[in-house]
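So, here's a batch of structures to check.
What follows is chain A paired twice: with chain B in the first complex and chain C in the second.
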Partner chain A sequence: MTKRVIVKTDTYRDSVILMRISNSITEVEGVQQAAIVMATALNKDLLENLDLLIEDVVEATPSDLVIAIEAKDEASIEVALLEVDRLLTTRETSEEGEVIPKTLSSAIRELPNANLVMISVPGEYASREATKALRRGLNVFLFSSNVSIEDEVKLKQLAVENGLLMMGPDCGTAIINNVVLGFGNSVRKGTIGIVSAAGTGLQQVSTIIHDEDFGISQAIGIGGNDLSKDVGGLMMIEGIKRLAEDSATEAIVLISKPPDKEVSNRVLEAAKRSNKPVVVIFLGGTSEEIERHSVVSAATLEDTSKAVCALMKGKQPTRTIFTAERNEVVALADSESKEFTSDQQFIRGLYTGGTLCSEALVILSPLLGTIYSNSPLKQEYNLENSSMSKDHTCVDMGSEEFTVGRPHPMIDYTLRKQRIIREGEDPKTAVILLDVVIGYGSHDNPAGELIPPIKEARDAAKKEGRRLSFVANIVGTDLDHQNLRKQQKQLEEAGVIVMPSNAQAVRLAALIATKGTIADLLFEEDT
Partner chain B sequence: MTDDKNIFNKELKVINIGIDTFPKDLKAQGVDVISVDWRPPAGGDLDMLKLLEKLEG
Partner chain C sequence: MNDPTPKNHPRENMTFRDNFSAVSIGSVAALRMTKGVEGQVHSVFRRVINLEIPNEGLISLVGSEIGRGPLYISVEIPPHIDFTTISVERGDRVIRDENLVKVSANILDISLENAVLWEPMKQFSDIVAYSDIESNLTILLRLATRFGNHSDLYQLLKCYKSFVDDDKELTELNPVSRMALPQVMKLLDAIKLGNTENIVQSVMKLVGLGPGLTPAADDFLVGLMLSIFYMAENSNPGKIRVQDALNDIQSCIHGRTTRISEEFLLQAAIGNGNEIIQTLLEALLTSNKIDLEQSAHKVMSFGGTSGIDMIIGIIFGVNMMLSDAYTKSHLF
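On to the complex of A and B.
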C-alpha cells in the first residue's frame, strides 16, 4: 500500500465538485481511499482520520487544495492523479473563451443588468458576499447554511431597507419568474404566490398545485429561521407585501414550522392586509390563531395546496385523508399486511426532505403514539443514534450528521440504499416509508437507485418468511427532467405503493403497519 | 420599494458565487448567468478577514 498527499496552494473548488471528484477517484482501479478537499480545519480532521494528514497539510490554509490518495501501488496513484487533474480542469459552466470574473464587481461589469446573486460559499464567508450583493442593489438567494442569526438579521434588514429580496440563509429553493433556483420542480406559471420557510414544504405544495392544474406566480424561499423571535419574520412579511402588490398573484400560501407567537401575529396581520385569499400552514401548530385573523389554516402540505386551489375556484376548502375511497385503501392495507409476521409492526420512514419528515411525525403521533426521530416532536423521542432506528422511526437523512463530507441524500443515494437494506433486516420492520424528491438539483434517476436495494431487502426478508411493504410519495411533476410518471411507473413495477402526497403515504403506512386496526381513528379525522 | 429593484416579472439575470452546478441548471432554463471564480478571501484566515472587514467599514 502506498500514499501520496499533494497540496496545491491557492486553488479553490466548491465542496460539491470536490465530493464528486473524490467519489470518481475512489473508483479508479487500485485506489483504496481518496480525499480531494480544501484544507479547512474540518477536512484536516477528516484526513487525520484517514491517516493521510502530513505536515504540509497541517500548515495549509482553507484556500489551498489537498489531494490525498492511498492505493495499492505507485502506478495506480499516477493514474488517479491524472484523473484528478482532468476533473479539476473541467469546469461545468465555463465555455471556451468565456471570461470568468474573480469578483462580484467584475461580474457586474460582465452582466450589467444582473438582478440576482446566488450564493453557496461556505457559511463563514457567506454574509460577507451577501452584504456586498445587497449593497450593490442586487437580490440574493443564499443557499449557504451556518450563517449566524445576528448576520441573518443584519442581511434581512439591509434587504428590506433597500427594497430587495434576501432569500435565506439556508434557502434550498425558490421559483422566481418561473425559473427554479436551487433544488426545485418545474411547475406551470400561474397565479398562486408562495412564501416558505421550508424547502421541501415549498416543493410539495408547488407540485400539488401544478397537479391540480393551477400554477405558481412566484415562490419565495426565506430560510428556516425567518419566523424565529430574533429574525421576526422580516422576509416573510416582505414577501407577503410583494405578493400583495404583484398583479399576477391572486392568492397567497405561507409555509413554516410554528413561529414565535409575536412573530406569528405580525405575519398573520400582514397576510390579512394583503386583501388576497391566504392559506397558512404552520406545520404542527394550532389553527385558532390563524383563523382569528380571518386567514385559512391547513394542517398538511397537501391540504394547503388543495385549499388554495379551492379558493381560486370560489369553493370552500376541504380536507383530504385519501384521494381513493375508504374501502379501496383498507383493502390495499389488508393485502399489504396479510403476510406480516406477528413481530412486524413498525414504520421506518427514511426521508431526504426535512419538512416531509416533520409532517410524517405530526400525522403519525396522534395515530401511533411515540415516533422516534433525529428531529423529533419532543426531545424525549430523540434517537440516541440517528443511524439506528427504534420502534416507529422517521429519520431526516438530509440533516447534518448524514451530510458532513458527502452530498445531500437527494443527490447521493448511498446512505439511504444501505439504510433500506438494514431496516429490512430488522424482523420488526413492517413498512419502509420513503420520499422521492425529483427536479432540479436532485439525482437524475432516483427510482433506478432505490429499486435494487428494495429488491434486495425484500428477497432477504422473504428468505426469513417475512414480507416487507414499501410506501412512497414522489415530490415532482411531469415537467421535471426525471418525469414524475416515469419514476412512479418504475417504482410501482418494483412493488412500491406510490401515493399522491406525503400525507397520504404516511397515513397508508400507518394503516398497513397496524394491519388496518387504526382505520376508524384515521377516517374519524374526516368527520 | 423602487421598481427597478423588483425582480418580479422581469428577465432574471444571475451572478453565481459558489457551487458550480447551479449555473448549469439556470442555463438549462434559458437564464443568463455568470459565475464568479470565488476563493476564500484573506486566504481563508478568518481573523484577517475580520480585520479586512473593519478596514472596509
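On to the complex of A and C.
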C-alpha cells in the first residue's frame, strides 16, 4: 500500500465539486481510501485517525484543501491525482486548453482585438448579448435560436446603422476570411461570395464550388428569417453590398427559400446593382422574377454551384439531372429495385440538414406527388407525429422537436440510427435517403455511425424477403478532417449508393422507389 | 472583405465590464456593504462570489436561483454565466460606489438600485401543536433517511438510539460519524442541562469536522442552532435555555473552521438562516400552506451534502426541544 497527501493552499472549491472529486477518486482502481477535506483542526484529527496525516498537513490552515489518498500502488495514486487535477480546474477550457469565456466582456478581455463574436447562449439571453456586442462595435455570428422576430429586426437595424454584420439569429454556418464559423466545410479560398439564409444550403453550394476547382471569398450566413416580410432582407442586402464592394469577390451567390414578394424585389434589385455576376436560388420558387432582374436563377443547390462556376469561366450555366449517363443511372435503379416486394414503394428521407430536406421535397413533389414532412411544402402534408413516417416522407431531424436537450443530429447520430432501423421495419419502405454532412462541427466518423444500423435494417428486411435500398450524398470536401474518400468508401462497401449531390441522390431515390417508371419524366429536361 | 467596423468606432475606448442587477440584498449584507465600503474578493465559484469586508465579515454575491439569505446579494444572472470564467480572482478589490458594487478593476458591476431588502422572518403565525410538529418531524426524518445516504453524517440518523445504549457499535460507523456521534450526544445533553462547559467542549470537537467547504458537522450545527432558535421563538419551550446555549456555541466557533462556514455558523447562532431553511422550519412548525416535502428537497439539494447535514441537525434540534417540552415525543 502507498499513500500520498497533497495540500493545496488557499484553495476553495464548492462542496459539490469536492464531493465529485471524492467519489471519482474512490472509484479509481486500486484506491483503498481517500479524504478530500479542508485543513481544519478536527479534520487533521480525522486524517490522523485514518493514518493519512503528514507534516505538511499539520502546518496547513482551514483555507487549505487536503487531498489524501491511500492506494495499492503508485500507478493508482497517479491516476487518482490526474482525476483530481481535472476536476479542480475551475475554468472550462477547450480541448486545446483555451479558456472558454461565458460572457461577452470576459471574451473581449481574452481577445481584445477581435472584431467578431460568436454567440451561442440560451435564446432568452441571445438578443441581449448580441445587442451588447453590436454596441461595442463587434460583428456578430448568432448561433442561438428562439429569438423573436422583433428582436431580430432591431439587431439587424442596429448592425446596418453601425456598418456591422449581424449573422443570425439561428445562423449555423458562415465562412469569413476563410475561417469557418459554426458548422461548415474546409473549402478553397477563391473569388465567389455567398450570402445564405440556409445553413446546409451554404455547405452544399460551397463544397460543390470547391469540387469545381473554384473557391469562396466570403460566405455570409444570415439566418432563416432574414427574407421574411418583417425582417425585409436587411442582412441579405447588406451582404450583397459587402460582396459588391469586396475586390476579392468576382461573383455572388444568394441562397434562400422563396422570400416575401416585396423583399424579393429589393434583394434582386440589390443583386443587380452589384454589377457582378449573381446566381440566385430561392429554393422552391419560380425563376421568372429572378431573371427579370438580370441575374441567373437556379433550381437546385447543385445547379447554383455549377452555374456560378460556369459564369466564372465565361460559359452559359446548364442544368444537371445526373452526372452519369442515363442508361447507367437507369441500370443502377433497376438493380436496386428488382428485388423489391410489391408493397415496397416509399422513400424515407432522414435529413440532418434542413435545406437539404427542403430541396428533397421540392424535387420529389412534382415527381411523386404528396411528400409528408415535419417541414412540408404545404401544411396539409405535415406529419402528425414527426417520429412516424407516412407514405413518402422526408424528415428534417435537425428541427426543434428532435434537438431539445440533445446535440444536433450532425453531431449525435443516435436518433437517426434508431429511425433507420424503424423505417427498415416498415414493409412499405423502398429507399432510405440520407444526407451525410462532414466538416467542422460534425461527427468525426458519420459513416462509422451509419453503417451498423444500415446493416441491421438490411439484414432484418432480408429475413422478411425484402431488399432495402440506401442512397446518400456526402456534403463535404477532400479537405475536411473526416476524410471524404474514406467516408464514401465505407458507405459504398456497406451497399449505400453515394451520389455527387443531394439533388442527384434525391432523383435516384425517386427512380429506384418507382422502379424506373418515372425515367422519362425525370430526364425530359435533359433531352 | 476588409474589417467592416468603421474606423472611428469608439470600441478601443470602451472598458468591458460585465454588469448585472441585484434583485435582493440580505439584512446583514446591507449593513456590511454600505456606501463607500471597500473589501476584497474572498473566493469565486460558478455562481457565487464571496466578499470579505474588513471589520465586518463575509457577504456573498449569488445567482438568484440560490435564493435569499442574510449574507446574500442575490443577482439576476443568466444561467449560462459562470463567475469563474470572468477573471475575478481572490484578493481583487471590491468597492461600493453609490448603488454599484464594483468587483475587480473593470470586470464586474452589480447594481443595487432595484435590490429589495430581505430579512429573515423569525416568528411565524399559526404554530401547530407539538403532536403535529412531531408528525412533521417524522416526515422529515423519513425523507432524510431515504435521500440523505450520501452524507457522512447520515449514520447519525440510523444509529442514534442504539448508540445511546451501546458504545461498542461506534466502530461500525464511518470515520466522520464515529467522531461526531459522541460529541453530538454530549452537546444535546449539555444544552438540555445548561452545562456551558460541556457545550463548549463538544462544540470544539465538532466545528470543522468533515468534508466539504462548509464541513459536515458545521452544517449539522447550523441546522441544530436554527431549529432550536425557531422552536424557542415560536413554540412554548420547556426548560431549555436556548439563548444561553447559542451564546456558548457562538463563543467557540472562531478560527476552527473555514471562513465561509464560520460565517454561516455565527449567523445561525443569532437565528439568521437562509430563506430555504426558514421555509422548511415554517413548514415544520406551522399550518401555513407550505409543502414540507418540497421545501425539504430544496434544502437537501443545497451544496454537496450541506443541505442534508443541516436537515440532520434540524431533526436532532427539534427532537430535543420536543422531548424537553412534550413528554410524548419518542422520535428516536
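Everything that follows uses one rule, which is that the second predicted complex is superposed on the first by the 419 of 527 C-alpha atoms of A that agree within 3 Å, B and C clash if a C-alpha of one lies under 4 Å from a C-alpha of the other, contacts with A are read in each partner's own complex, and residues count from 1 in each chain.
Operating definition for what follows: a contact is a pair of C-beta atoms (placed from the backbone, for glycine too) under 8 Å apart; a residue touches a chain by one contact, two chains touch by 3 or more.
Given the structure is predicted, the values throughout are model-derived calculations rather than measurements.
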Practice problem: Identify the partner contact of A:Val37: answer first if only chain B is touched, second if only chain C is, both if each is, neither if none is. | Solution: second
Quiz item: Which of the two partners, first being chain B and second being chain C, lies in contact with A:Asn49: first, second, both, or neither?
Solution: second
Practice problem: In the overlay, answer first, second, both or neither for which of chain B and chain C A:Arg242 touches. | Solution: both
Exercise. Considering only the touch criterion stated at the top, classify A:Pro427 as touching first (chain B), second (chain C), both, or neither.
Key: neither
Practice problem: Once the structures are superposed on A, label A:Tyr125 by its partner contacts, choosing first (chain B), second (chain C), both or neither. | Solution: both
Quiz item: Thinking of the overlay built on chain A, is A:Val16 touched by chain B (first), by chain C (second), by both, or by neither?
Solution: both
Exercise. Identify the partner contact of A:Gly448: answer first if only chain B is touched, second if only chain C is, both if each is, neither if none is.
Key: neither
Quiz item: Between chain B (first) and chain C (second), which does A:Gly369 come into contact with in this model arrangement: first, second, both, or neither?
Solution: neither
Quiz item: Where does A:Leu111 make contact in the superposed view: on chain B (first), on chain C (second), on both, or on neither?
Solution: first
Quiz item: Is there a shared patch on chain A that both chain B and chain C touch, and which residues make it up?
Solution: 10, 12-17, 38, 40, 62-63, 91-92, 100-104, 106, 108, 115, 121-122, 124-125, 137-139, 162-165, 176-177, 218, 242, 246, 248
Practice problem: Quick one: which bits of chain C touch chain A in the complex? Just the residue numbers, please. | Solution: 1-6, 9-11, 14, 16-18, 42-46, 48, 78-82, 84-87, 90, 107, 150, 175-176, 179, 205-215, 217, 255-260, 303-306
Quiz item: Residues of chain A touching chain C in their complex?
Solution: 10, 12-20, 22, 35-38, 40-43, 45-46, 49-50, 62-63, 90-92, 99-106, 108-109, 115, 121-122, 124-125, 136-139, 162-165, 176-177, 217-218, 242-243, 246, 248-249
Practice problem: Using the touch definition up top, name the residues of chain A that touch chain B in the complex. | Solution: 10, 12-17, 38, 40, 61-63, 91-94, 100-104, 106-108, 110-111, 113-122, 124-125, 128-129, 133, 137-139, 143-144, 162-165, 176-177, 179-182, 218, 242, 246, 248, 440-441
Quiz item: Okay, in this complex, where on chain B does chain A touch?
Solution: 1-2, 5-27, 29, 31-41, 43-46, 49, 53
